[in-house]
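One chain, chain A, appears in both complexes that follow, with chain B as partner in the first and chain C in the second.
Let's turn to the complex of A and B:
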């Protein structure tokens, strides 16, 4: 008799012994249990419906209307808003900038998080201090971060240009928030500075889970620090990296506050991303119909990016 | 008296004592002046509240700190949250008021104009202008009029022999001289809303005049027509000549004011509210000079403006009747004079007050500049749907990202939305 057969037989016997008990439970109160279970779930379902499902459905409905605000009569306009969306060049430009914003965020915040995690893990002393100090920006509100960095970037009094001037790098002085090719990157630096602390903590946790014996073996094989990083550390961080990139993509898509505070989408739309344009349409122009279309577009974008990335990672892992 | 009866009487008395104030106490929540963070301004507004409370028994006034305005959606958000004020004072003008009126967020006020006689408490031309909007319906009660012009440092101008008299060529010669002295000729905070609009409105006024701009505001003349277009072109030329740094697109209004207050810039374009800003920054207001932007047009130089701030009553107001009474209080001679003569009095009142003595000397210059009327500040007049485009185009003109023709065409395209 093979091991598999033995295991199957044992499982069958256990199932047979468990069956009467299960049937009794079912016989004793099957209907009551179902009702009770549903009743217990009801508050959660109601909250989910009220705060997630209903807003989604209302947003979809608004996208088919000419709604101009919460208190106005909205008329059904079919696909007019969707058609308008295809004809508005700012939407497509802001979509492109949103992709750029995502890439910047993943590279800057995720990259900085990884670098700082590696640096802190390599320290023999002061780990707690640096871990705490570097995480602190994450506790600051994004709006406040925006104000702080707008002052750092001030072309006349800002810290950045002043330091560059004083260390003899006057040629590097820029209008960080006024040059169209630079502004989105500059704002993203501020946003990433606020966000990298969380990713750093996740990477530190990942580093602590890597088997130390792999480093010992690498040492025995005479591996350099670089080789250990490439062949031991980074492969060991694979799962954490997947999680961090997914999180960074989602957080990147939510980017709004720093852009809104620091540039309001300007100059001349050079830093307009999809979320700031949604806000502008909904609350400045009161064009809720078109804003709702963009919300739906953004949701589809978020789902597509996340699913595609996770499938790509899953295929890579297989 | 038996024991139970006595107890019941005592309970009844106690209940009436406890309940009486609750039954009659009313709170009027007011979204007040943005400058109330200034202690002197706060003191004035407390005096106004006390005066109102004295006239309305059991009413207490609570000020709500404004979190923004209609242009950035803060007012709409506050009203729609139903946690908003009973009455609000905010940046107005038809462009902004349309947004909240069409969304049904503010109450129509024509009946109250008739009931309280508010039409007689405003400049006649101002009331007539309001009546041409919304098919005669009224949604706002103007609190003050803006008069946007050029602010300069009196001492620097005297020392260097600079002047803002004369026509456009004299103006550019002065700007050249300022630039030659190593200063930024004009500071403007283009980032965010408004201040870029103040500057551009002045350039349009200087080039096209108030009559043409009036037609542009009403959609009767295109933005891309030669007269306003020349204003946009003048702005581009001013940037090219170094009168306005492209770096200004990275500054907000506060940063631009800082540049001016520290005398790194010679001119700032703004309304009388600028007095409050510079005083808060420790600047000596006696050194403030004011002049409208020079122009070669026959009508001469004029500040731009229109309705600067207005009172409105949200549809979500819990105390609409008290809100109307508050507005009436604000329009009274007592309060208008108090505000105009207060050391923080930095706005033109919405009706003629011939006998007032402004505490801030430069306000006399503002009143004199606006004596012939004010031109149009487009930020106040153009529809909400076009307003963002307007601000973005200004940034594009200063930043060199869009030509005058394309920029004006983009505003035109949004005017009909």
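Let's turn to the complex of A and C:
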């Protein structure tokens, strides 16, 4: 999702799996000097400290000020912004929409990725063709996906409504992006169309790692294809599945571009999610104090997702 | 019996693949139609004459040449800085045994899960203070910083898999860590470097949020941002929007098909190993 960088989304989920490095010495008990270590780390630390760590700390500070926009003086106001946040109905609504958005993405993109991976892996020939073909949507920028799907959903010229008309399902024609109950789902379909390819690749890799002898044993026992799926394949995919779900949740949380391009949160905030509301508060309303509170909520959500799946995975491994 | 199983899978897989790729086919077919043909309501009918003129018009009106140029500069800058920052850092965190290493490692974990949108206000202020708003340099620095934790974890976990004996033997020969990294480790690291380059390049090429915030004038904008602006300017001229969209996604898709084995390996390994 416009995470917008899939890279960053992946990083979030990966952090969960990274084990802390043990303090090491050489065989004679010696260590390298800290100077050597930090010299090689310097470019990374400098960039990261300036453009990531510092902004995290400043965001926390801004949430306690009445900053009214860029280039303005701000005063410390304590927990005022947090209080205002609890009273802002749009914040609660956007959080609720974000949760729905995450569920849609995990089910649509994760589910489609799993189904396609199962089908492709079961074939004896033509795997590379289908893997390549089905991965193509993932190469398209989510902003461009937004442009494409805004046209697919166009009420008059759009692909969806004209196809429905042509195959005699004219009654199903809808205003896919204008009906408040439908719009979030419609936009999520676009995001999930772009997102499922990566999950499919991860599931295919996971399927390759399942021990073939388990299937042979199941054959000897006369297991049906369904029994093999339920008792061998799905348990064997457990680790990949938790990884894909955490990745999909983080990617979903960072979703921005499709909503911004297709509906800009509308109609009447019906598709406003946490990222688009942050953007609106920061760059249109210029209410930085409130925006910073929302930024902190978003960070806490991201950390919660990562830590929860880290624990879950650790328990599975134990 | 494998052909029977393959056949049953194909019966399900071919239609779903057709539906999933339908939007691409529709866009390409429509991009070669006249406005009247697009409005005729038969999305997959072929046009009477191939309107290549749509592409010429879209290219000129939308300045796609300059958008592509900006995107290429953006990608080149990010990939170069990612390699320069993450390869030595990943090596240091995997193979150099120095006090404070764990602290640095946790420092990177700390910011790792924080989404870019959650720090955008101070990031904007910082770039503004440095005079980097409306400049590709500003976008590059922010994107690299955002990608550094992932790049470091990817390189670190790859280097951890290289036996310590290699480092220790080179140390006995009197080599410095920088020499060991360049002469011993880099030649072994093609798969990890490939994954890092592919993932950084693709996510930078497709990035929207940071360019949207930082790049204000059309002359400095990157491709996705430029296309969104183009599409909202010419909402009613479908032929231009369609051909502009095809111009935007087709090069990457062709590049992917040509290099798909490496590309797929790089992405999968990058995601799983990082």
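One rule holds for everything that comes next: the second predicted complex is superposed on the first by the 265 of 318 C-alpha atoms of A that agree within 3 Å, B and C clash if a C-alpha of one lies under 4 Å from a C-alpha of the other, contacts with A are read in each partner's own complex, and residues count from 1 in each chain.
Methods note: a contact is a pair of C-beta atoms (placed from the backbone, for glycine too) under 8 Å apart; a residue touches a chain by one contact, two chains touch by 3 or more.
From a predicted model like this one, the values you see are computed outputs, not experimental measurements.
Novice: Counting only touches as set out at the top, which of chain B and chain C does A:155 meet: first, second, both, neither?
Specialist: first
Novice: Is A:133 contacted by the first partner chain B, the second partner chain C, both or neither?
Specialist: Touch status of A:133: second partner only.
Novice: Please work out whether A:267 is in contact with chain B alone, chain C alone, both, or neither, and reply first, second, both or neither.
Specialist: In the superposed model, A:267 contacts chain B only, not chain C.
Novice: Go through the superposed model and pick first if A:279 touches only chain B, second if only chain C, both, or neither.
Specialist: Once the two structures are laid over each other on A, A:279 reaches both partners.
Novice: Using the superposition on chain A described above, determine whether A:124 touches chain B (first), chain C (second), both, or neither.
Specialist: Second partner only.
Novice: With both complexes overlaid on chain A, does A:235 touch chain B (first), chain C (second), both or neither?
Specialist: In the superposition, A:235 contacts neither chain B nor chain C.
Novice: Just checking: does A:298 make contact with chain B only, chain C only, both, or neither of them? Give me first, second, both or neither.
Specialist: Touch partner of A:298: chain C, not chain B.
Novice: Once chain A of both complexes is superposed, is A:170 in touch with chain B (first), chain C (second), both, or neither?
Specialist: Once the two structures are laid over each other on A, A:170 reaches no partner at all.
Novice: Per the overlay, which chain contacts more chain A residues, chain B or chain C?
Specialist: C
Novice: Quick check on the output: what are the common chain A residues between the chain B footprint and the chain C footprint?
Specialist: On chain A, the overlap between the chain B and chain C contacts is residues 70, 150-151, 157, 279, 282-283.
Novice: Report the residues of chain B in contact with chain A in the complex, numbered from low to high.
Specialist: 71-73, 76-77, 80, 99, 102-105, 184, 190-193, 245-252, 255, 258-259, 264, 315, 384-385, 387-388, 391-393, 395-396, 398-399, 401-402, 417
Novice: Within their complex, state which residues of chain A touch chain B.
Specialist: Where chain A meets chain B, its residues are 68-72, 150-151, 153-157, 175-178, 180, 183, 262-270, 279-280, 282-287.
Novice: Write out the stretch or stretches of chain C touching chain A in their complex.
Specialist: 2, 5-6, 9-10, 12-13, 16-17, 20-24, 26-27, 38-39, 41-43, 81, 84-86, 88-89, 91-94, 96-102, 104-126, 128, 141-150, 152-153, 157, 168, 176-178, 181, 199-200, 202-210, 212-213, 223-225, 227-228, 231, 238, 241-242, 245, 248-249, 252-253, 256-257, 260-261, 264, 267-268, 270-272, 274
Novice: Quick one: which bits of chain A touch chain C in the complex? Just the residue numbers, please.
Specialist: Against chain C, chain A makes touches at 2-8, 10-12, 14-15, 18, 20-21, 23-27, 31-34, 36-38, 40-41, 43-45, 47-48, 50-56, 58-59, 62, 70, 116, 119-120, 122-126, 128, 130-137, 139-144, 146-152, 157, 159, 162-163, 165-166, 193, 198, 201-202, 204-205, 243, 247, 250, 253-254, 256-257, 260-261, 275, 278-279, 282-283, 288, 291-292, 295-296, 298-299, 302-303, 305-306.
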